[in-house]
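The structures considered in this document are given below.
Here chain A shows up in two complexes: once beside chain B, once beside chain C.
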Partner chain A sequence: MVTEMSSSRPKIDPPRPAFDVERIRADFPALRQTVHGRPLVYLDNAASAQKPSRVIETVRRYYTDDYANVHRGLHYLSERASDAFEAARGKVRAFLNAREDREIVFVRGTTEAINLVASSFGQAHLKAGDEILITEMEHHSNIVPWQLLGERLGTVLKVAPVNDAGELLMDEFERLLGPRTRLVAVTHVSNALGTINPVERIIELAHARGARVLIDGAQSAPHAAVDVQALDCDFYAFSGHKLYGPTGIGALYGKRELLESMPPYQGGGEMIREVSFTRTTYAELPFKFEAGTPHIVGAIGLGAAIDYLREIGLDAVARHESELLDYATPRLREIPGLRLVGTAARKAGIASFLLDGVHTHDVGTILDRHGVAVRAGHHCTMPLMTRFGVSGTTRASFALYNTRAEIDVLVEAIRQAQELFRR
Partner chain B sequence: MNELKELYQEVIFDHNRNPRHFGKLAHASCHAEGFNPLCGDKVSVYLRLDDRGVIEDVGFDGSGCAISVATASLMSETLVGKTRAEAEALFERFHSMMMGEEAGGDAAALGKLEVLSGVKEFPSRIKCATLAWHTLLAALKEEQDRGSVSTE
Partner chain C sequence: MAGATVLNDLLTLYRYPGDDWPRLMTTDTPSIDAVIAGLIETFDALGDWDERYRHIIRLGQRLPPLPEELRTDAHRIHGCQSHVWLASRYEHGVMRYRAASDAMIVSGLIALLLAVYDGRSPVEVVGTSPGFLRALGLSAHLSPMRSNGLHHMVLRIQRDGQEALSRSAAASPAGAEPGDMGGAAT
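Right, the complex of A and B next:
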């Protein structure tokens, strides 16, 4: 919010082009439906986001007109498909502001990206006794790969705790960042609580101790602009389906020299230079990490989703979602018997809560009957739930197409749930 | 909204607020722990059987939603005095009701458990109602396995 103070003559600033949420909603066919006779209020975006017509139409068009396998056919369709697939890689590169296209590896999603790093970075750079530092708020997908690696290599997993607001305790994090820490793997935004982690500071501290850093961007990429060069992270992973793109596609960014130092993750076609029964040499980046026929149309669809988001502008999206959270938080707080779980000072558009006397699953079912889609459960963060002494929460998570009116519906549905249970 | 009222009947609220047979059973013949990894619901079922295999008493504890707590409570009430075979037959009958299948034989045998029939309209909640039952089967199996080991 910049106000012009130095202007010599009074003038009326042209209004900032309003974020036209109704126009955006019109881009998402799924939002037009009713559920149990009520208009759908989709607040489960942290699990997966709905798709704009642009993405749906792109996927349809490529399967209809431009589909063939990539990187090997000499024929017209294969060339077209290859061009589109590589153009999508370029869009991901620009989206993350990576230096080079070959630093972008297409994967199935964040989970596969983290498993790739665990397996391949682990094999090249880690040995028994080396430490991997994560936080208490990680998704299972940023916990279990490191445990599997520990079973294979004898690496040690360290966990930095959070405070009662769900903020990372930076003192503890620094204390745990020891001489044997080789990798810090941390989520940018907590999927269960909405906490935005100070990744800039985390990366700075880790690098000062010689540790590499992987950022789990599953919950940050769709909601705010990311610049991997400015962050200076070593790896950054995100999923397409939370970014309004298709399922089964995501990307891993890795610094080139680091990716080059790592062995392939899987073997097969596409990832080789030359194969014989005695010796095989591997392809250049990024193909070394992309064995088998990739999710071609998924990648192209993800490219379309990125185009769509960039046209709206990630800053505008972030502002809109932040306004939704600012609107929702006090309204939820004034509901008697409702407790927010996750009250960090820096939060993304996620409201996780508990209702006195109403189990989260009962809340989920009742909200569903009001047309409100939320997630009820542990959000694949069981250790974090244990930290807060709960088995789960009800979570409403916002996206660019959500409105204040929808939050009003959520609040009313919560009151109805309380009413029903008060009988 | 009518399905919601069908699901959350007064009896269910009653058993959720004041679960019967709640708590660990002293001198249990067997017990088992049930866990639904999808939602984190946990229930333990304790059984005391007499020499003839009749269930003398039942206890359960754990945490879960209204449906899972009420089911465990209603199940426990119903099981007292039943033989192992009768308990297993009740499981089958309850399971059929959840699957929306025609209840074979004596449908009235479910008694109070009939109030849970509304759950079948909520596919994502059927697991909440069957967790305690699967735990019951596991407890009975534990008792049987141990029994067979001891007789060998």
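Right, the complex of A and C next:
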């Protein structure tokens, strides 16, 4: 289960009381509402997670008391804002166990992080004929940037297939890892299936062939401890909004020497040292990659989300979500006509399924009437859906605040949807 | 019980054989306002959401299948998570619509739209706001951001009606030529 991901992490967090889901739920104001007259059962966490009061309050306080631009004002408020912004970077560094703060670049989210790597790493290190290896289970945001790069540079995209359980075929992956492979870009956890990829092995294999590795951590960072040094990945990207933080903020981790070797992604304020019309020099890391006024409040809010998660403990979160999956899986399997899509041996808290004779869109609509929020569709993984011969699935994805009782509501709502569509 | 009558007619007429575009409306069908009033009455009588959805699903199940040759990309309505196709024709002074979806609730919503817009003059099509869906308690489905694409369907229905109107205005006083309009623009 997902807890395996954390085995290599040094135990730096102090011991804490047992995981109390009811106390955690009380931290999330959005969970108190009713939808269509029923208590909200929020199971769309792989799309985006709800926010704890800690994050909401941090954002409110920053706008109320501490607001100013960063890195340029000499005045009191600007210095305070800059301190808070850089403190947030430090929290991200500690969260990922990166060596240095400057290895953390604030971005809008995972999508921008991958586009940044495609553009800047691509420009510095890739040329026509070079290969980028991804997997069949990638999100569109880890496919399309490489296709765009291919159109620009003539790089070649290779795709490692998955088996019927939704697990990466490692022998195929190894076979595709060739002498021209320069970069492996792979998701840590599949957003559509929940599969946990063996990224440690992938990184080891890729490095042995001289290829760099980017890990799409959008679905792993919120759910288990990640240690980029232990993993030895070259890049790791995640989004704040799936990690109980604000939208529009995320981070790219990159090894320092690698980030230093890459040209800026965008030009503008903040990212320069000196500008003249003949020659411009760029700022140090990480500012070189942060053109313009950053999403200051987003970063500070993300810092608060990280504080919150670390206090609960990522290992406890992983354990809880893994227990939810263990509780949900047999109960879903019991429903006649329900087929789970994605049955990997190592899975995170995501249950993707199909109902015989009922369109995923219809399932989603009826579940919504029961107050159950799920995602119905292709999950931005159209090639993966094609691989499984479906146009989409219904996906329930779990977070630290979900309960067994909510899974019971989900199961009952699915049964009622089936009844409704019986001809 | 005017509402029940209209809906029964709707279901019956959908099974009318012969015409390659099964006719929903005939010359003796009620006015567009009467159809809308009938739908509202029926839905009011249905009560809770469960019954309404059951009814919509039943309508969807009765929607005649869309022939393969009309399931083309030109007829696809994008912006929907389910697949939706909508084809239209202008003939004998009225707009004819056929549509389908692979999702059942969307199919039912399509049936409601066709009950109102199919077989109506372009003037009636363009002049009838889809606001009646609100009165049916389906306003949630109408927002442009909703992934079921109902909003886009209504836009397409009205766009095709507007095109027919412009064409007949441009043509001779005898009126526009009949023809397939599906996917004529964009």
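Quick note on the criterion: the second predicted complex is superposed on the first by the 405 of 423 C-alpha atoms of A that agree within 3 Å, B and C clash if a C-alpha of one lies under 4 Å from a C-alpha of the other, contacts with A are read in each partner's own complex, and residues count from 1 in each chain.
The criterion applied here is as follows: contacts are C-beta pairs under 8 Å (C-beta built on N, C-alpha and C of every residue); 3 or more make two chains touch, one makes a residue touch a chain.
Because the structure is predicted, anything quoted here is derived from the model rather than measured.
A.B. asks: Record, for the superposition on chain A, whether partners chain B and chain C clash or fit.
C.D. replies: Pair status: clash.
A.B. asks: For A:R175, using the defined touch cut-off, is the partner it touches chain B, chain C, both, or neither? Pick first, second, both or neither.
C.D. replies: Neither partner.
A.B. asks: Counting only touches as set out at the top, which of chain B and chain C does A:R346 meet: first, second, both, neither?
C.D. replies: neither
A.B. asks: After lining up the shared chain so the two structures overlap, which partner does A:R369 touch, if you call chain B first and chain C second: first, second, both or neither?
C.D. replies: A:R369 sits against chain B and chain C alike.
A.B. asks: What is the contact status of A:R415 with respect to chain B (first) and chain C (second): first, second, both, or neither?
C.D. replies: Neither partner.
A.B. asks: Touch test for A:M385: chain B only (first), chain C only (second), both, or neither?
C.D. replies: In the superposition, A:M385 contacts chain B only.
A.B. asks: State whether A:H361 touches chain B only (first), chain C only (second), both chains, or neither.
C.D. replies: After superposing on A, A:H361 lies in contact with both chain B and chain C.
A.B. asks: Would you mind listing the overlap between the chain B footprint and the chain C footprint on chain A?
C.D. replies: 358-362, 365-366, 369, 376-378, 391-392, 420-421, 423
A.B. asks: For the complex, which residues does chain C have touching chain A?
C.D. replies: Listed in rising order, the residues are 49-50, 53-54, 57, 61, 81-83, 102-106, 147-148.
A.B. asks: Using the touch rule from the top, collect the residues of chain B that touch chain A in their complex.
C.D. replies: Listed in rising order, the residues are 1, 3-4, 7-8, 10, 13, 38-42, 63-67, 122, 124-125, 128.
A.B. asks: Where on chain A is chain B touching in the complex?
C.D. replies: For chain A paired with chain B, touching residues are 358-362, 365-366, 369, 376-378, 382, 385, 391-392, 420-421, 423.
A.B. asks: Mind listing the chain A positions that touch chain C in their complex?
C.D. replies: Listed in rising order, the residues of chain A that touch chain C are 36, 358-362, 365-366, 369, 376-378, 391-392, 420-421, 423.
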